[in-house]
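Several structures are given next for inspection.
Two complexes come next, and they have one chain in common, subunit A, joined by subunit B in the first and subunit C in the second.
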Partner chain A sequence: MTNERKSCEVVFHVRRFNPETDEKPYWQQFTVKVEPGMTVLDGLHQIKRQHDFSLAWRYSCRMGVCGSCGMLINGSATLACNTQILDISDRNLTIAALPNFKIIRDLVSDLSPMFEKHVAVLPYMLRDDIQEMHEPTGEYYQSPDDLLEYLQFTYCIKCGCCMAACPTMATDDAFLGPQPLAQAYRYTIDNRDDGTDRRKKAVTVEHGLFRCHYGGECSAVCPKGVDPARAIQLMKKQLFFDFLKLTKHKTPAHVLGRPEGVERNPKIPEPPPYTVEQE
Partner chain B sequence: MLQLKRHPNKLGIGGWLLKGRWGYERYLYILHRITGLGILTYFLLHIFVTSSRVLGMKTWEAVMGVLHHPVFMLGEYAVYAAFIFHALNGIRLILIEYGFAVGKAEEPVYPYRSSVNVQRPLGVGVMVLAVILALVGAARFFMLNGG
Partner chain C sequence: MRKSTAWNLHMLAGLCLVILLGIHMITTHLDLILGWFNPAGGEAINWRNVVGRGMHLSWMLFYICFLGIALYHGLYGLRSILFELTLTRGAEKVVTAVLVTFGIALFIMGAAAAVVFQSQAMGA
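This part shows the complex of A and B:
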């Protein structure tokens, strides 16, 4: 096989839906001249320029960072900007909105249920020392090993691909889903956090953590290598040991005060003044 | 604010089968559900069939006669095979779901290697075992019943 790629014509089969005029979605075809190096997102732009300006989709960064352009491309959920057309086909391409979310228009799906579930698992640092959190006197101690425990899961860009690929999500609307559950673990395992109990309540609901039965799809489709399936199983492990009372009570990371007897390097600038009024 | 209608796009049961990358684990996931439902159906039928004994010896023997039909023999073997799969995959799932076979969190470096790759040898091993047991079962089942 040679790696030489030539430009060719690819037929884009796009699933369209306009809420103002259409009863249900329908397929429309566009022939696009594809050059090597073109992403699916570029192809969509081409359609908008040359064929139909009313085609709607969501995108922003064009480089797999913002998580806006998740869609179903040739049957699998992925980012349009991160997918080379010629990597998957030189003839036909089917493109539809992410399933398991309602369609707003054409390729734009309504991700708000995912965001609501994300908020429900308390995806932020929970600690008792509120004063320190608001006006920090130093940094919380964290070793490189502590960091590795959760680093992988921080790369989530909330594109919704995992939610669209999950077979459990397909039949269970109320299931929290891979994205929120992975984020619940990301915070629970962070050594600066002290909210395990509260988060445990949030994820062990009826359609929560234990509804995952490892179809492995979320991790297979994740465009950022976040591996939600791993986070979910590791969280189950954590709760399992917790249930058996086999976990040591963890004290959240302490504050590393400023070192004493050391002068501040004058070359390091002071932080800029507040731009909003402080209470 | 203008509220436009949204079109539902949930995959439903079809979602078990469609719209994925078709990883090996997804096949196991679906088969696990199907065999689970199959075994449950068998269990209900089993209660129904054995309860015919209370209707007297005649009914019981008539029912048993029907059950010796080759179709039911095949069905019985299918239940055995489903049971083997479900049990072994169940053990795999217990190991995975309690976090013992998915590895530790690692930094995602492209090309990504996820927990799916980490647990794959377990999945393959367990299925090889299931196939061996199913074949041994088949030999005994059909030889004993046929001979």
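This part shows the complex of A and C:
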């Protein structure tokens, strides 16, 4: 960590791998002139412009929102766009693709296993009143306190940093992982949801919730401040209380009818038509 | 047994152990302070105290429960640690079978010892 912010030359040690031409990954060094305020993503752009145009990585928003540029920087999984170079080093920087995923090329990890596991835990509202969900007559009631129960878990941007840092993932490819499990909890505690039993079956599989031994690395590295380890522990507690029959049956939030005697503001446009065919 | 049931029982066993281990610690390690369950007085591991406790059916049942619950909790925890070692599916089955067999054998030995001791203490 540097106290004074001055321009300096930083050596980027980048782990390269092209599965079409390379047998195994190798390290390559690039010297980059770093100005105060430059992010690791900026440094990579500079390498691409000045040293090697074939260097591959993934990025999109450049502001810590899209979750595309997750990579291993100086041994810690984080976002390249959200990391100032001089915050972490003024001499050497090691950059590699996120571990616990296959490498597509250079710094690009294949996150598709994470997305498949994410889908497997049913990360959406499950209710019996399908008709109401498709053609709402009002909105489901949710108090500010209800919202706070799950709010922090909605900040997940699916960058994969937690999955890369998870020690259980490192030894067990089939483990669901912190990202999907935290999202399973996020929907389970949403007071509008009624899918606890279905989601419980999805997370209590052989390589599911109970494989987590609370290393806590997922929460330590999350660039959005989400605490997946907490979600997993709370979900374990919830399932244990279910097992002991100590939980009350949750009634999903009721529909709050539209207020009477109020005209719709004509300036508010009607919702757009469905983009997918309804069941 | 479903994975979730086994894990929940592991947690429940942990809770029970807090109570059972607490009683055991109070009896055997705070003996000179509290002197509970030591009919002959003095140290808890004094033979006459051991026999005195062993005569009671409730103590025999306590030790059998303690043994079974501690074995389940400990061996399930060991199994979880071993499963972290990237075992193959077949190896996981072997580990489970070995631990279950080992646990049952130890339980039978320990329970038999408690039952035999209780019957002999009653006859003494």
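One rule holds in what follows: the second predicted complex is superposed on the first by the 260 of 279 C-alpha atoms of A that agree within 3 Å, B and C clash if a C-alpha of one lies under 4 Å from a C-alpha of the other, contacts with A are read in each partner's own complex, and residues count from 1 in each chain.
Rule of thumb we're sticking to: a contact is a pair of C-beta atoms (placed from the backbone, for glycine too) under 8 Å apart; a residue touches a chain by one contact, two chains touch by 3 or more.
In this text, all values refer to a predicted model and were calculated from it rather than measured experimentally.
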item	value
Subunit B versus subunit C as contact partner of A:69, first or second or both or neither	neither
Subunit B versus subunit C as contact partner of A:32, first or second or both or neither	neither
Touched partner set for A:204, first subunit B, second subunit C, both or neither	second
Partner chain(s) touched by A:244 [first = subunit B, second = subunit C, both, neither]	second
More subunit A residues in contact [subunit B versus subunit C]	B
Which of subunit B and subunit C A:165 touches, first, second, both or neither	first
Which superposed partner A:213 touches (first subunit B, second subunit C, both, neither)	both
Touched partner set for A:126, first subunit B, second subunit C, both or neither	neither
Residues of subunit A that lie at the interface with subunit B and also at the interface with subunit C	171, 213, 240
Footprint of subunit B on subunit A - complex, ascending	17, 19-20, 24-25, 72, 75-77, 97-105, 109-110, 148-153, 155, 164-165, 167, 169-171, 173, 189, 212-217, 219-222, 224-227, 229-231, 233-238, 240
List of subunit C residues in touch with subunit A within their complex	2-5, 7-8, 11-12, 80, 83-86
Complex contacts: residues of subunit B adjacent to subunit A	4-16, 18-21, 23-26, 29-30, 32, 93, 96-100, 102-110, 112, 114-116, 118
Subunit C-facing residues of subunit A, complex	168, 171-172, 200, 204-206, 208-211, 213, 239-240, 243-244
